[in-house]
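This structure is in structure tokens; I'll ask about it shortly.
All chains are identified by letter, namely A, B, C and D, in their written order; residue positions are counted from 1 within each chain.
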Amino acid sequence: MSLKITLPIRNTGPLIALLALVVFFSLTGSNFASIANLVAIIESSAVPCIAVVGLTFVIVQGSIDLSIEGLVSLACIITGLFVANSVNTHDSEGLALLLALGSGLVLGLFNGIVYAKAKVPSLIVTLGTWFAARGLATMLFPSMQPQIHDVAFLSIALNKHFGLSGIVYCAALIVLAGLVVERRTTIGRVSYGIGGDENLCRLGGLHVDRMKIAVFVFSGVLSAVCGVLLSAQLGVGSSQAGEGLLFPSISGAVIGGTLLSGGRGGILQSLTGVLILNVIQNGLLQIGVDPLITQVVEGATIIFAVIGGSWNLREKMRVAK
Amino acid sequence: MRLNELPIGKREAALQNRRDLKHGQGRLAWRRFAPALVLAVMLAVVGAISPGALSAGSLVSFSIDAAPLLLLVLGSSLPILLGGIDLSAAAMASISGVVISLAAPQLGSWSIPLAVVLAGLVGAAQGYVHAKYQVPSFAISLGTLGLLSGVALFVTKATALPVDSGLRVLDVLNGSFFGIPACVYLVAVVWLLLSLTLRYLRLGRHIYAIGTAERAARMSGIDSLKVRVIVFSICSMCAALAGVLYVSQTMFSSPTLAQTMLLPAIVGVVLGGTSISGGIGGVGVSVIGGISAAFLRVGSVVVGLPPTSQDLVYGVVILVAVTATIDRRKMGLVK
Amino acid sequence: MTDAVYEVKGLTKRFGPVTALDDVSVRLERNEIVGLIGQNGSGKSSLMKTMAGVQPPDSGSLILRGKQVIFKSTVDAASRGVGLVHQEQSLVPNLTIAENIFIDKSASFVRHGWYRWRELLEAARRQLDKIELDIQPDTLVERLSFGQRQMVELAKVLALEEMIEDDLVIMFDEPTSMLTSREIDDLFKQISRIRARASIVFISHRMDEVLTLSDRVYVMSDGRRVAERMRGKVDSDELYELMVGKQRSTVTRENEAPRSTKPRLVLNDVRFAADAGPFSITVNEGEILGLIGVQRSGAEMLCRGLFGIDEMTSGQIVLDSKPFQPRTPTDAVRRGVGYVPAERKKEGMLAGMSVLENMTLSFAFDYAFGGVVANRREEHWIATDWARRLKVKTPSLHEDISKLSGGNQQKAVLGKWLMGKNLRLLLLDHPTRGLDPGARADLFESMRNLAREGLSIVFVADTLDEVLELSDTVAVMRDGQFSEVFSDISRNRPTEEQIVRAMV
Amino acid sequence: MKFSLPRFNRRRQVAIKRVLSVALVTISVAHLPAVAAKVPGIYYGIATESSEYCNAQVQGAKAVADSVNTKLNVLVSEFQGQKFLQDYGAIFSAGCKDCVAMMDPVSNAFTKAIVDRASRADAKVITFWNRPENIHPWDTAPQSWVAHISFDGVDSGYQNGMALCKAIDGTGGVLVLQGVADNPPTKQRFAGFQRAMKECPRMTILDNQYADWGQTKAQTIVRGQLAKYGEKVKGVFSENDLMALGALAALREKGLAGKVPVTGSDGQSDVLRLIKSGEIVSTMKVDGAALGAVSTALAYGVATGDIDLTKLTHAQRSFYLKQTLVTKANVDQFLDKKFDPSQFTYQKLKGDMWTYSSGPITDSATK
């Protein structure tokens, strides 16, 4: 029943677009459909998926969080510096996780408070935090890139269970948790309310500001998680790990049907979007187009994907910003 | 349609209008100057630390550097006024540069209008798809962004092409009149045209109306499809002009020439006090925001900030500036 | 006089310079229905909001069941059995009915932020059954019709029944202003049902409703309580005088000179997308065509179709003896057709923009230099003139339109169209919704004048009074068609019964 | 600054206070040393501070700067040519006669523009890596474009290619990871690799992608390619170390690390360690410190007049620095190599500036 409530039956466009892409690539790409490749796609999608879960809540509320890249990089370099590594003598996963996730939490909290209390557009707040976090990450970077030696930690990415790395399972777990939050908790449901009509929610006596802060914290922490996992995946602490994660996440959400105007879409839609993007990238690799036109095809596909995705939403007098 | 003789005279109405304006807007007055104030503070701080940065010479060179960014800012502020956004502007600037360098050998100076017109067409197409198929401008322009930068890479085989400086127009742009670089005049003209459009032409009114409440605007007979097409095409043409300036500076075109100007442009628009949600702001202020955005970055270098702290300062200053200056009353809900 | 359930003493509320409530005292006995009447801006709504905890009073005291109370929020008020059925609806569009019903209640099935959907939905189901509303409680509110939403509003308040043992206090803020007669009947049924265990305050513009329903009537006028009347001891004209301050404009109208017979708008078997039609009718220059019917009877569709919002599927329209095929509102406006929508806030006005900007939106460039460059002085002049003529009450034309009262907003929207130099046809969809009698009278007067000037008007009426008072021709609608057309009614006026029979 | 504006509320005061406090910090930063300096300033531009190679350059440059007790200002491009164009533009135009500037213009497109501005300000500038082949220091801005220094990308590509060839016993398909498409080093190193392929005919390119010098992107790409080619992948040729690490991470996931040879370029210390452990075959060690030191010393010398620009040959104004291919054989001598400022003093370098050179840049190379 709860499914029926929260899955908007109206907009299955993105899903169809995704399937279409998969079919297309399976037919054209020699071994796109091979298990190995699907695993590859899943592995590459895992981290963006985590990021987009947090982002979705923010977007559903009608705001935006640009600080992802910064937070990811920060968390990644922090992890690299505090687990056993090649540049210093630290060796404590606990401390590393604490500091990494802590950084995400603090900056997320900062985002939320400045946005909700000081009434600064989230776009600006998070833009600021983005650069600030990036600055911090560079400050933390030692003279050389820290190599992670902590085997136990690296095993998150390296040990395979049923062919999938721990990262994928983390992602799956987080997505499930996200879905539960989205559908069965006040934060999740009220986020939709806020996206729909904030004033009414206030009138209804809901703690709107708290909810706003909460989702930004959520997003911040999840970004940090991405950072930690990336450091495990790369085996190093990188202060640029986050680069190029923001736009895929946002576009994923948008393509999937989570409208930036808020109140629409949800985690599943966003995931669809992220998958669409990853499938395109991987698929183009598989059918082996000239690397120089990859971008062209990607761009074109995004356009058609969104058109196809919002096709059945079209109606006279509809407003799409 | 007249019911009977007018009960109020023109002059009387005008006078009343003046009174109303004084009475009504006075309270908001300082808000309009807030972005300028921010800029002033920056200038003051930088000037205090390294006076050389405000010497005529450096201002000239700064204005040359800022000019293309300003064009991007001016262009981008229109879609944002509509409540949308155009992420493809920077890429459009790059590819226009490429077009120029490719067409220059045959067309000479005519390659520049060609580039601008082409950009206009692409922009129009983008606006059309966006409005006609009701796709969020964010998504569609994201696609265009990829498309354009891809094409740019492909046609140039990913190399920086020299622009043989036979292009008289570029030479003119590089020159200067009365000690002020030519490109500054170009920006000024574009700025003037756009502000006048917003204030005195149908288009301008319609942009604000759509940005405020599109549904109601359409119900008042506004053709939002047309408006969007025009707006996005103008935005792209501004971007193309920015590309021209970039080329004129470097005498090279590279598929990634202006790539990194996407964010600064948007930051500029916002620093100028234009609200992301649309309907509030204008190019008049955007230009100031653009200058601030450009100056902030250069300034932090000139005053000798350690590079590690530059990103930090950049972020913090933007945050503080906007927090201090945005007009919350007019924005209603802050998203 | 002994056991007042809810009593307010010396209530005062200011918004900046404006005094919304000025030392108002009201009492509410057990199981009593108290009517509250007054013009827009007379303080009715602020009184209710204050009583329901939407806003705290500046001074004065609220005494609930003998104890003085201070409501922190509507939720707080609700938890003590004081509920308000809002005038502007309080439902969050993209949440489910169930959630909306319990959004402001600390209900057991949303504990520690965790939802228990099944229980929630069952509870909601019960509420909906109470008001015989047969919709799945997990439908999103945005999919509901206006009337249905109003009903959900009611359910939302009725849900208090289960939660509170004591008597409830339920307040209705103009619940009927946008309902069809049938929906109103349902509503009244509910009200009389719940009065068994609730005391009720009831606001309405419609004197008759108030008089039939309430045991006692308070009259408000600019922030003060100017009169109290017991049932039976009331003379509606006197009340009317108290609240409006002038005599009621009589519905009977003097015979007017026969108008030009030049056809302005001719419809020929016209059908519109949302299966409305076929419509065949002719509207002459300066003729007022009044459409009336129950909700969904197609009157709105006809207007929206003529304005190019709903697609025209067959037939042909002739406007000023030229074929007319509106695909978008833009086409319609270009041909001099204007439309005043029912949902003023969403479609009529641009909230956040000034009155001037709103009024000059469509036709400013009729006055522009060469039709291209705006002539700001001229348009301001014309706008000022119309604002005056339509009696738009605003501190200045540069005031944000959303700060005006409903009536003045409506006038401004009307003014937007009247700015047009060659406006031929004006479509008004429920123009009097949420207007107080004064504003309503002004609006009608201007409409009549405009018609006299040769403008043709098609309007969707809320009540019989309206059509009979205003129209030259009355078209009664039923299931998307004209069920009957009474023409030239200023001479041979149909009886209410005739019209109603054609409606249902 | 007008502090008495109408309705000037607290928040804004706070805001301005913050701005000022930032200002004060910067003042203190800006006025640190600058004692008895012979040149107005030394401005060294690097791509990013989160790169070992870049930091090494700064070390080298700093060593020289300290030896002539002049403050070294570091600029960062974040891989944005525009940024350098503006930043240096601002510095030059703020009055910069005879000040010293070294930078990698990020892309050919910006080289000439930056040089022009330098010459307008009569500053002394040295460029790295990116130079359009049709312009040279001596013909474009003889007085202020002191030199263009680079590392031989073709050679790097060639030697790594051969190393890879050896590692796969001369036969098999390899994956190629290129940098940012329009960077000269990208093309040069690839050209070098192709030359290696000529000499190693049975080594073929399975797939060739641009990973934009990035670790994460390289990992994603290689992951996909492994899925596509599986066993067929015999080796990975990566144009820099970061991408090599990314590729390695992808290989690890498949448990192929060490089995499928990977080559890099730059000589990051962590890559060196991996070479020792055998997971990476080879990398081209470029001596960032030397680059920083030599360029700074050369420009400084010219600025102070110790070196007469007009007497310098073309080979001395456009040359490669020495680089060495690191393989398991010689890795140890690099591993425990500590940076020693004393060998990078201006006085030391002034004499034998070009011993670090490995010869002039031939125009065909920068194609």
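FYI, a contact is a pair of C-beta atoms (placed from the backbone, for glycine too) under 8 Å apart; a residue touches a chain by one contact, two chains touch by 3 or more.
In this text, all values refer to a predicted model and were calculated from it rather than measured experimentally.
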Between A-D and A-C, the pair joined by more C-beta contacts = A-D
With chain centres defined as mean CA positions, report which chain is farthest from subunit A.
-> C
Using the average of all C-alpha atoms in each chain as its centre, how far is it in Å between subunit C and subunit D?
-> 70
Intercentroid distance (Cα basis), subunit C paired with subunit A, Å | 45
Please compute the C-alpha centroid of subunit B, do the same for subunit D, then give the distance between them in whole Å.
-> 34
For subunit D, jot down the residues that touch at least 2 other chains.
-> 49, 181
Could you check subunit C for residues that touch two or more other chains and list them?
-> 309
What parts of subunit A, by residue number, touch at least two of the other chains?
-> 138, 292, 317
Which pairs of chains touch each other?
-> A-B, A-C, A-D, B-C, B-D
Once bound in the complex, which stretches of subunit A touch subunit B?
-> 61-64, 114-115, 118-125, 127-136, 138-139, 198-199, 247, 250-251, 254-255, 259-260, 262, 290, 292-303, 306-307, 310-311, 313-314, 317-321
Please give the residue numbers of subunit D that touch subunit A in the complex, ascending.
-> 48-52, 55-56, 59, 178, 181, 207-210, 214-217, 219-221, 223-228, 230, 245-246, 248-249, 252-253, 268-270, 273
Hey, which residues of subunit A end up touching subunit D in the complex?
-> 29-31, 34, 36-37, 39-41, 43-44, 77, 86, 137-138, 141, 143-145, 147, 157-158, 160, 165, 230, 233-236, 238-241, 243-244, 281-282, 285-286, 288, 291-292
What does subunit B use to touch subunit D in their complex?
-> 27, 29-30, 33, 37, 40-42, 44-45, 48-50, 52-53, 55, 57-58, 60-62, 64-65, 153, 156, 158-160, 162, 246, 249-258, 260-261, 294, 297-298, 300-308, 310, 313, 316-317, 320-321, 323-325
Subunit C - residues contacting subunit B, complex | 307, 309, 328-330, 332-334, 339, 341, 346-353, 357, 360-362, 364-365, 368, 372-374, 376-378, 380-381, 384-385, 388-389, 395-399, 416, 418, 420-421, 423, 449-450, 453, 455
